[in-house]
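The following pair of complexes shares a single chain, subunit A, combined with subunit B in the former and subunit C in the latter.
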Partner chain A sequence: MDRTYAAPADIDARRSRAFTAGAVGLVACAIGFATDRDHFFRAWLIAYLLFLGIALGSMALVMIQHLSGGAWGVFRRIFEASSRTLPLMAVLFLPVLLGMGTLYSWTHADHVQADEVLRHKATYLNLGFFLARTFVYFAGWILIAWTLTRWSRRQDEGDASVNRKLQYLSGGGIVFYAFSATFAAIDWIMSINPHWFSTLFGFIFIGGQGISALAFTIVVSASLARRAPMDTLLKPSHFHDLGKLSLAFVMLWAYFNFSQYMLVYAANLVEEIPYFVARTSHGWQYIALFLVIFQFAVPFLLLLSRDLKRTPHRLVVVALWLLVVRFIDLFMLVAPEFQSTGANLHLLDGEAEGGVYVHWLDLAAPLAIGGLWLWMFFTQLAQRPLLAFADPYLRDALESTGGH
Partner chain B sequence: MAHVEPVPTLYGLMAEFETPTALVSAATKARLEGYRHMDAYSPIPIEELNEALGLGRTKVPLITLIGGILGGIGGYTLEYWSQAIAYPMNVGGRPYHSWPHFIPVTFETTVLGAALACFVGMWMLNKLPMPYHPVFDVEAFTRASRDRFFLCIESTDPRFDRHSTSKFLESLHPVGVSDVAP
Partner chain C sequence: MADSMEDHLPGSSVPARVMPEVIAPGHTFQSVTDKISGIVLTKRTPIGWVLGFAVAFVFLMLMNATIGYLLVTGIGIFGNNVPVGWAFPIINFVWWIGIGHAGTLISAILLLFRQPWRTSINRFAEAMTLFAVACAAMFPLLHTGRPWLAAYWLFPYPNSMGLWPQFRSPLIWDVFAVSTYFTVSLLFWDTGLVPDLATLRDRAQSRFAKVTYGVLSLGWRGSARHWQRYETAYLLLAGISTPLVLSVHSIVSFDFAVSVIPGWHSTIFPPYFVAGAIYSGFAMVMTLAIPLRKFYGLEDFVTMRHIHNMTKIMLVTGMIVAYGYANEAFFAWYSGNPYEGYMMYNRMTGPYAVYYWSLISINAVMIQLFWFRRVRDNIALLFVLSLLVNVGMWLERFIIIITSLSRDFLPSSWDMFHPTSWDFALFAGTIGLFLSLFFLFVRLLPAIAMFEMRTIVPEAKLQAEHH
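Let's look at the complex of A and B:
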């Protein structure tokens, strides 16, 4: 049996195309940084969160796969390659650190002094602790992704003793992921509006990462399934599994989001409602409605169809669409907190909320980060066989006719 | 008045196999031979049998979907009727038709409607409950829940003929072929 399972030859062309796109985006972002710094930081954070979501969500799904097994293990190498982009994501986080003064009002000492709530929150929301937490998140994520890869390599070399170790690491890793992703969501997104808080916020972020990671994996595997070596290995039943998982995460995302909305609506507390007031007025309500329909209702109804899930070239349309709405959803989490001038937080300038606006940097930043990220992804994907052939459950997975 | 003795009829003919592979290949051959009214019995689920027997797509998902939609509409209507029409109550100044509060109940009744429709629909499509079935009378059939695999060609099939069908089943190398009394 041929055990190379090397990536198709055209992956190098894709790599260089992605790198070119990333370079063009970076130049545009550099111009934006020089001319329109406030917009740049906001746009960068939004685009950053989208691709971080793919990488982190993929890492979490690899760990779930190690723990649960299942026929969708045939996609493990794609998830693994996504998770190995995390070191690049750590580097790409640097602009966010540079822009903390713009993004996070609690970094301004005078502002915190004048605000009693922020004075009390300063034990948690202060620069030193923020940096330490950020370091712990990235160190933990990179360590987990790196160890999973190292043991997965040893599995390929025929060392069956790592099978159990992979499971133990995955069990602990899932717990670390759930906590770190929750706190990262609080630190990086929720603290943009430091007065507001929601306990479900982290889980909404995690649910969204699941959607992003699965949608991206569907897009990549649908493309791989057209070429050797995967064309003879991937069957409709495997895409069926990815489609079912996507449906589950779409529902999970909607469930968390709605629960958060309903609890805030029911409690009607002054500390909690500004978040939703900002997102249901000044034009933002149309984007909110758009997300309810196009990140939940439409994908949900489409993904109910068994035929669609088993037809890769149709499933891939839904997946691409999900990636687009994920970006709009992250835009919706971050952007309404800023005035349309992007000058600074409405909290700093009184409570005036800005209307909907899209800046050209909102397109340049995803191009820059997305291009570089894809370049890293393709590099990582090409480095290892496309199939985890030493996986003890792989034979069952390849023969599976679906139903998991 | 002459009394006509009724011709002894059959429910069908049943062949017994030792492996699921033999059963699937027998079902495939029977279908190629032109038989349509037949059923297979196995102690374990065999996914290939669906195709081998030429079974169409099940209607259970559609019934479940309809049940879910009806359950959802029912739940929302119940909430609307009780909160906005029959017993309107001012809760913290919110409108009577506070739809976010209605969603959890709507969700629950959607699941309830879908689950009930799925359960009842599956039973009805399988004609359950069925305390008696002619195949139970075949002695060998007790092993259908343990380690044997059965293919029964029913006498309602247009191509069914006691003699030739029996011969055909014998040609599949079964453990045995039994008559199934009606």
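Let's look at the complex of A and C:
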């Protein structure tokens, strides 16, 4: 038996397919950038947030795994490979910076001057501080992901001294992640409508990243489980664990969103309610209902089934679906703040005047970012053994039979 | 590197992680049952128990006296007044309800997550839940001053006056949330007790004890069919309890968050309250477990592993609470709403600032000590810290309720809240009720689940391998 746990040989073919898809998407985006710049920025931000969510959520799950243990540690290399795409994500953030004038109305000094609330917020919402924060987020995330995976490699080489250090870094790293992801959510999404705020928004963003990371890992693992070396290692109980975690995050997503919606709806305050007025009128209400049913009710009911969670080829269908609805959910977070057409995309006061509008760039941007991201992911995955075989929790993980 | 990998069959030569055991070595089925049932079935009541119970009982009597005076006089005996219409009663209600949450988390969620360390602490944590909910439930009734009228204020029964409760108010949701919580917790606890009650029935010496435990054990004979039904029922109850861990305190948080009052209307309240509840609940479990294991010599069963794990859960939930404080402070400013901004400024610098900074020092600063293994190993220190967490979480509710009500939108209606000695008497009295019930529980029922402990002794593993 091969004990290097090398990735299957066809991973190179996947890498190049992903790269081709990314290149095609990029060309399309370049055309979009030249012809319809405003829509390009909106579409790019939405697609960007989906793949950033997989990468960051995976990094957070690696840290939780180091701290808590558990049989799902057999998937650690997949989470690690996802987290090692973060440098690419930093590069792919550049178009968002280019588009700040379109995306964020608070970048326009005249607009800020005319608005008392924005003048108040200018201490936080200003270009220099925004860039500095963005730099700190990426520097921190990349440093954490790189250090964790570097120590993980030293663990493979037999250096048991890193085990304790991995736990220490994970403890501090998870705290940094919680705060940085919250502020990134405020900066990149919430400040699109600079008047609106919700204290729960950070948790909603983080919970969504959990769903994305778990769903993506299920998809990759189900495919790896069909061939050597993972075919003999991954058991139904391991998929059962990922399925249960996905169920928990789907429930959390619903819990957070219900709490936010109910409290804002019940209070009906002028500074809060426009967010939901925009999302429950002009056609957006159908997408809202669609998300309630298809990001919560249906996956929830399906994931309750023990058999489904233990059958990779069925679980993978739910996971792929979750990735699709995550994208729609992010579209719902970002897009209703903009008018559907025209050069000035802004709805500065949160009033919804446009209807639901899906642009061709909304499909080209995920192709571009997704293709490049997957290329980076497969590149990283191929560089390491697929099993973190020196993990101190691994014996338990491989013996796990699962329950309930 | 290739060589070293050849040596590493997955999980074979890599040592498994060394952790303190969930039960000390050397125990058998016999020794576990003897030890735990011995505490209950002994004829000699320890003098320490008598003294402890006596103190608790004095406070219980204080509660009864306060309630008597309250019912005769009215709620004017409390410090609540315009504008602070909600004060100690709701602070204490939220505090007690929160404490209950650790019991439910341990019994339900840790069971579903297959965490074997829950076994020796679940029974008394569940008892703690019931007693805490009982203490909590008294406050909404008593703070009305006329609890005999509460039936139609709280429960939607068709009455001749045509009065219905306000269904759109979270206070009514609370009635259903808390009564559901109490019912399910009681069923869960009682179901778990049945096999142990049968053990006590079989071992009891006196006729009275035999009959009493016999009736309570519902004819349990320990047949395979009994066990199979039992396992199914227990798992179902765990499933039903799990959402209650989130729902009860979320609805308690709605009591505040639905109101449009600065400092209360915040969308993060539901998860932040739930985390705070679990945090304070684990602090209370520690506060009870540390003296209990010492006094009855239960260190073999409630091991350092339990203490470590509970401290870690307190660290995680405490950090979520600390995140909540940071989040509230940031958004009070970011919102641009002058009332929200002033609310936070008033908390930090106003007349109640000393309580605000005390709670921050405990719940955001002090808990950082739990990161250190040396702290987690120090039982005496942990006992003190867990008491402080109880104080910190009480202060948190004090700050949320009192600062927001005492200074809201109209400066002309601002006023300070001054608690009366009756406020303190009722609060101390419920602590007396809680401790009295807990002392009786420890004396009359097995505080640790004997049959579950028997599944984690080494003998059980051997048997399982032979079968």
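The definition used in the following text is that the second predicted complex is superposed on the first by the 391 of 404 C-alpha atoms of A that agree within 3 Å, B and C clash if a C-alpha of one lies under 4 Å from a C-alpha of the other, contacts with A are read in each partner's own complex, and residues count from 1 in each chain.
Convention: contacts are C-beta pairs under 8 Å (C-beta built on N, C-alpha and C of every residue); 3 or more make two chains touch, one makes a residue touch a chain.
What you are looking at is a predicted structure, and each value in this text was computed from that prediction instead of being measured.
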| query | For the overlay on subunit A, clash or fit between subunit B and subunit C? | reply | clash
| message | With both complexes superposed on chain A, which partner does A:214 reach: first (subunit B), second (subunit C), both or neither? | response | neither
| task | Could you tell me if A:385 is touching subunit B, subunit C, both of them or neither one (first, second, both, neither)? | result | second
| Taking the superposition as given, does A:144 touch the first partner, subunit B, the second, subunit C, both, or neither? | neither
| request: Considering only touches as defined above, state whether A:306 meets subunit B (first), subunit C (second), both or neither. | output: first
| message | If we overlay the two complexes on their shared chain A, which of subunit B and subunit C does A:319 touch? Say first, second, both or neither. | response | neither
| task | Could you say whether A:202 touches subunit B, subunit C, both of them, or neither, answering first, second, both or neither? | result | second
| request: May I ask you to decide whether A:266 touches subunit B, subunit C, both, or neither, giving the answer as first, second, both or neither? | output: both
| With the two structures laid over each other on chain A, which partner does A:178 touch: subunit B (first), subunit C (second), both, or neither? | second
| field | Most subunit A residues touched (candidates subunit B, subunit C) | value | C
| Where subunit C runs into subunit B (options 97-105, 133-141, 313-321 or 457-465) | 457-465
| task | Once the two structures are superposed, pull the subunit A residues common to the subunit B and subunit C interfaces. | result | 262, 266, 403
| remark: Seen from subunit A, its contact residues with subunit C in the complex are 3-4, 69, 116-117, 120-121, 124, 156-158, 171, 175, 178-179, 182, 186, 195, 197-203, 233, 255-256, 259-260, 262-264, 266-267, 269, 271, 385, 387, 389-399, 403-404
| said: Which stretch or stretches of subunit B touch subunit A in the complex? | reply: 47-48, 61, 65, 92, 94, 98, 100-101, 103-104
| remark: Touching subunit B in the complex, subunit A uses residues 258, 261-262, 265-266, 268, 304, 306, 401, 403
| note | subunit A partner, complex, touching residues on subunit C are 1-2, 4-6, 8-12, 14-17, 112, 114, 235, 246, 250, 254, 257-258, 260, 265-271, 319, 323, 326-328, 331, 334-337, 371
